[in-house]
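Here chain A shows up in two complexes: once beside chain B, once beside chain C.
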Partner chain A sequence: MSPTRPALAAKLAGLQSSAIRDLLKLTARAEIIGLAGGLPDAALMPRERIAEAADAALRKAACLQYTESPGWAPLRAVLAERETARLGRVVPVDEVFVTHGSQQALSLLAEVLLDPGALVIVEDPAYVGALQVFRAAGARIVAVPLDAEGMRTDVLADLLARGERPAVVHTVSNFHNPGGVTMSPARRAELAELADAHGFWVIEDDPYGELWFDEPAPAPVATYSRNVIRLSSSSKILAPSLRAGWLVAPNEVCRAVELLKQGADLCGSALTQQIAADLLADRDWLAAHIDHVRTAYGERAKSLVHAVRTRFGDRVRCTDATGGMFVWADFTDGTDTTELLPRALDAGVAYVPGAAFAVDGGYRNSMRMCFTTSDADTLAEAVRRLASAAE
Partner chain B sequence: MSPTRPALAAKLAGLQSSAIRDLLKLTARAEIIGLAGGLPDAALMPRERIAEAADAALRKAACLQYTESPGWAPLRAVLAERETARLGRVVPVDEVFVTHGSQQALSLLAEVLLDPGALVIVEDPAYVGALQVFRAAGARIVAVPLDAEGMRTDVLADLLARGERPAVVHTVSNFHNPGGVTMSPARRAELAELADAHGFWVIEDDPYGELWFDEPAPAPVATYSRNVIRLSSSSKILAPSLRAGWLVAPNEVCRAVELLKQGADLCGSALTQQIAADLLADRDWLAAHIDHVRTAYGERAKSLVHAVRTRFGDRVRCTDATGGMFVWADFTDGTDTTELLPRALDAGVAYVPGAAFAVDGGYRNSMRMCFTTSDADTLAEAVRRLASAAE
Partner chain C sequence: MTAVSSRAAVRSGPIDDMFTALARRPELISFAVGAPDPALLPGDLVAGLAADVVAEYGASVLQYGTTRGFPPLLDQAQLLLRKRQITDAAELTHIATGGSGALHSTCMALLGPGSVVLVETPTYGPAVKVFRSHGAVVIEVESDADGIVPAALDAALTRQAVAMVYLLPTFQNPTGRTMSATRRRQIAEIVVRHRVTVVEDDVYVDLRYQGAPVPAFWSFAPANTVYLTSLSKTVAPALRIGIAVLPEYLLEPVLALKQGIDMQTSTFNQAIAATFLRSAEGAAHVARSIDGYGAKLATLTAALHRYMPPEFSWIEPEGGMFVWVEGPTDFDADRMISPALDAGIALLPGSLFYAADNPPRNAIRLSFANVPSAQIDRGVRILAELCAPR
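Right after this comes the complex of A and B.
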């Protein structure tokens, strides 16, 4: 007798898997050029430097033991220094909290900041990892569209004027996933002003900020207001398997996150955090390494955009390649990207249909393309295949 | 204006920090002999073998990338083999799920198996990491006492006969933390029968099972019923910083945990999971290594128990040292261990008062002592100091 099993089945049915993750299982065939994934290029990760740091860490036993819930102290210290430079104000160590990737920061923050039914504003199209977390927290989710300057803060202001009272506004401020755009300085200032005036938290989710191609990303939203919680990660600049993300938030928020982290998984890995600290503290090496990644991604991104524009002309409108890992493209002729996908897979190319990122439906003519793991020729071939599928 | 701040303060007040963790901050002074901690001995962790495995893993880029949410496939495979041997039935890989330490397994299982208000039965004294998770899940918690044979299944049977319907019964079946006892085979069979008859899940939390001193732990509760979810970890036999725990559960439970893991932190570390897989698959080396840890801990445990019995006689009753990391002791003369603690710290010894593990109060005369990180002479000196404080 298992009377708990039907309850489990109901719970399972209520949980949503990531549509992208499920799609990736179907598109892992070797002959398909994958623009669907969202992975950084493992070939660009600093394997030898990580091996050196691992070797150094493993000369002492300290890297094997449990570590503190807020993170290994020297990692927090180097992050505090980096964030101090980035934000232009002194960021004390107790305002830095290390998480198991920035996804865990999102998940713990949702628990700390949201009661069931609380209103969360997200961008549309949305980062699906955030949607998943906010939905699981039982939040009411309202979407504000993106345009070329990032979140439409005028639409947000209208919502606030109509009496909506969000607990949290989530933004991927730099090189948006999936939208590809970066929030303009004016919008950043306006978002911060609204946060201060209405007392909501902004979660500024910034994993891609250092991956700019031609010019650095604007100053973070967090430079404009103390109601901003900043999230970032070493996954895109070093390696995902270090599982070193972090949040920068007022001490009261960090202490609440700490209590939840104890129950969630006690603490992170002293070994991988020590490796991350070693690499992040090695300033000259790090600057050269990030520059190397940035250059490679920039070339790939521009190749992809060039191929799309050359091959499709006015039929597809796509974002400029200014940074990050993704290009967002819209068919202007009504082509439905969800319907196109099986033909694209037959032609040997995969992407993620825009509908996967839609909060309330829509984006049927859009798609997200990831350029990180293919060279220029492969990207050109991918676009050729896409064009043949779309004929 | 920050209207969300009062909500945060209320939430903070509602969260309970681990009393032990807070205590440890006070007792970290070098001159204090620490029996309060719950850490394995870093000096016994296989640092060189881990360095070798790290070096091997870091020869390829695969260990740097994101990995699958249920864990790095070769780690799941070796765990499935080990659990197959332990449970005496074929455990398929899709019934093994790797978590960020077994604390994360508890936390994700609480989300999967419990609705707010669901009844959870725990042992009293209780593993505080479990209490913290079940409380956070909004469960109603009822405690069943331990005796020398482990959980009092007769008390559980009475609760069930009176109509209580638990969703989950949690047990630390081997070398209990903090109680020191191991559930007898007869009790295991009875617990499994009750689970089958009443359809609740048993969470068999077993991080210490391989750390037996004189004879192996009995067959797991999971050998008696498929309503048992088994949890274990590499933290106590290899190193906590690998953050490799796991659960063994029916496929439907693993798939629900997978969806939650995606939101919680996407995936574990391919690097530390690859290291864990390497060491766990190295059978002869592993057997010799665990034997080494077991022997060292066994000697320490017996020294501690001997010192307590010699020094206190009938005034303190303590568990036999049969395995794990802890000895549980009761003052028979009414000494209040919470009141004694400041004097003990002054005398230079720290322990955790029993009250810290009590579900509904009690255990005022009890204490938990961890013997893992001190040699025999130091443990004897700790007991001498404790006796002087208790005079």
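Right after this comes the complex of A and C.
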């Protein structure tokens, strides 16, 4: 006889498979131009350089062994230097913690910072990976809207004035996924000031900061306050398969994360972390490589934005895509993008409906489009198909 | 100052001090580290594979992969599992980030505040910490040289609702004992009757130096068993490859959790592992590792016989990485850790390997895999001098 199923832990009650992941399964067919993914372009990943770095790494026996839970020491050292340059203050190695991608950093931080029922403020539309993590941690989630300058910090200030006491405010400060926008310097300073005044942590998620197209992203929120925990990774600038994410946080947070990391997966891969260290330390090569990626993505972004504005005119408003991987678009005529999706798929194009990113419903007229994995002609064709579906 | 959640209070103690000393004093002979021998890690072989996998699979090994795992490694995993009598499990298998990653996501799925986990005694100490970090109450069940005692398990399952029974049936960490096929069958009958889930932690199984293989516990109760294994002991820990076989009802929830935990295990590392497992050189490497560890175990047990006082006893395991040495009831291994460091050896006290509040203190776990062969004899001589009655 089959067993009666043991009850799954209560935290699974609200768990749903990611709508985006389900959508991606539907759209993996070759005849569909996929704008739904969130993948960097594999053709731009530095294969030969990675194979070379792997070969060099494996001359050190330690790269095949267990390593320290906070990460492989040479990578932490390289990251401390990079973050020191970015934040304009000395970042000690003790304040750098390497994770299995940024996703793991988020999941460990949620355990460290959140007791069940704690309040988390997120942006709306929200980064889905963060929502998953905060919901699994049993947090109460309240959303603050984005506009063209990023998080509406005035709305956050109002919430605080009304007595809300968040444990954490999460922001994707640069080239937001999925919103595409960047928080202005003034709002960064204001967010940091609110964090200091009200004693909450800011988790500043920054996977896209290096992928600026015309001008560099503003100084991180973390430059303005020590209550900011910065997350980044090499997934978008090198390769996701290296699973090299990191967080920069005060020592007591790093030590707490370390304890939990030991239970979560013991330690990262010294091999992939040494590969990442090698590539990140090779400054001249890295600068040229990132510049190449920026140029390619920048051209694609411009093509997509141009195609949308030309084809749809005032019917669709979209972000300028000054960096990152995504264009966020809103139909102004009431078109429901979830209802449109089957017709779009029939026409041979896929995107993610905005509703997938809504914290409490909404964004039914919006969509996220990813431009990184298609060339200009393909993007133009995708928009043409979208337009024919939307007629 | 900004708050850190109550679950993450940081502690330190003599064990942390020991590991600090180990990092600073490379000349210490360490029986404390449960890691493979660096001399037996396949650096040259894997170096060749790194370029091969990029050439063979192209950029897909550098890209995000599926949460479930890289298909060529899932295929190789089936061959490994079949040798353990785990068959027809392809649809139930996923790749985790190490054995510990697999255990963590399983715990997230099964445990909540107040959940009861039953463990054998002694058991793998870090796993007890993981269960407790998920809010579980961990209860020891009477065990003997063959593992958990069937009647005691039956009684414990009758007394209370249990979320999970955690077993390490083969070359157990820390005792090195192996549950016989007969005992596995008996335990399986009990867990099926009580409709409870077993987590079988089976990371040492391929390190067999003597005797005949025993079928995985999973094979006796497949619908009730979460089977967890890894490539850390036979290939390399740095690849962080765990392999999990889950009952059907658990697979999708665990994959959804894993997506939130770390998205997926490195595809690059999975590709290296798949290519390694597929190759003749990989098989030859594993065979050499087994010979190397087997020889170390023989050296260790010979030294124990030669030097240890008669009041001390140990089981000679047929495989794995550990020998569990028990002293007389008044022997206090915890108190020995500092003098041992002063004398030049690092040890783990057996008290770390119990779930009970006041664990026995009269045992030591000796890990031989990471000790250079030439140092084992001298290390045991030092240990014996420390243990000698005075």
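Brief remarks on what is shown
Here is the rule we go by: the second predicted complex is superposed on the first by the 379 of 391 C-alpha atoms of A that agree within 3 Å, B and C clash if a C-alpha of one lies under 4 Å from a C-alpha of the other, contacts with A are read in each partner's own complex, and residues count from 1 in each chain.
Here is the rule we use: a residue touches a chain if its C-beta (ideal position, glycine included) is under 8 Å from a C-beta of that chain, and two chains touch if they have at least 3 such contacts.
These numbers were taken from a predicted model, which means no experiment stands behind them.
With chain A as the common reference, the superposed partners chain B and chain C clash.
In the superposition on chain A, A:L58 makes contact with both chain B and chain C. Residue contacts after overlaying the shared chain place A:T153 against neither chain B nor chain C.
Of the two partner chains placed by the overlay, neither chain B nor chain C lies in contact with A:S225.
With both structures placed on the common chain, the touch criterion links A:A197 to chain B but leaves chain C unconnected. Residue contacts after overlaying the shared chain place A:N177 against neither chain B nor chain C.
Looking at the shared chain after the overlay, A:T337 reaches neither chain B nor chain C. Note: residues 1-5, 7-9, 11-12, 15-18, 21, 39-40, 42-43, 45, 47, 50-51, 54-55, 58, 61-67, 99-101, 103-104, 107, 112-113, 115, 129, 132-133, 136, 167, 199-201, 227, 235, 239-243, 252-253, 255-256, 259-260, 262-266, 268-272 of chain A belong to the chain B contact set and to the chain C contact set alike, using the contact criterion stated above. Every residue of chain A that touches chain C in the complex is listed here, in rising order: 1-12, 15-18, 21, 39-40, 42-43, 45, 47-48, 50-51, 54-55, 58-67, 99-101, 103-104, 107, 111-115, 118, 129, 132-133, 136, 167, 199-201, 227, 235, 239-243, 252-253, 255-257, 259-260, 262-272. Against chain A, in their complex, chain C makes its touches with residues 1-10, 35-36, 38-39, 41-44, 46-47, 50-51, 54-55, 58-65, 67, 97-98, 100-101, 104, 108-112, 115, 126, 129-130, 133-134, 163-164, 192, 195-197, 223-224, 232, 236-240, 247, 249-250, 252-253, 256-257, 259-263, 265-269. Listed in rising order, the residues of chain B touching chain A in the complex are 1-5, 7-9, 11-12, 15-18, 21, 39-40, 42-43, 45, 47, 50-51, 54-55, 58, 61-67, 99-101, 103-104, 107, 112-113, 115, 129, 132-133, 136, 167, 196-201, 227, 235, 239-243, 252-253, 255-256, 259-260, 262-266, 268-272.
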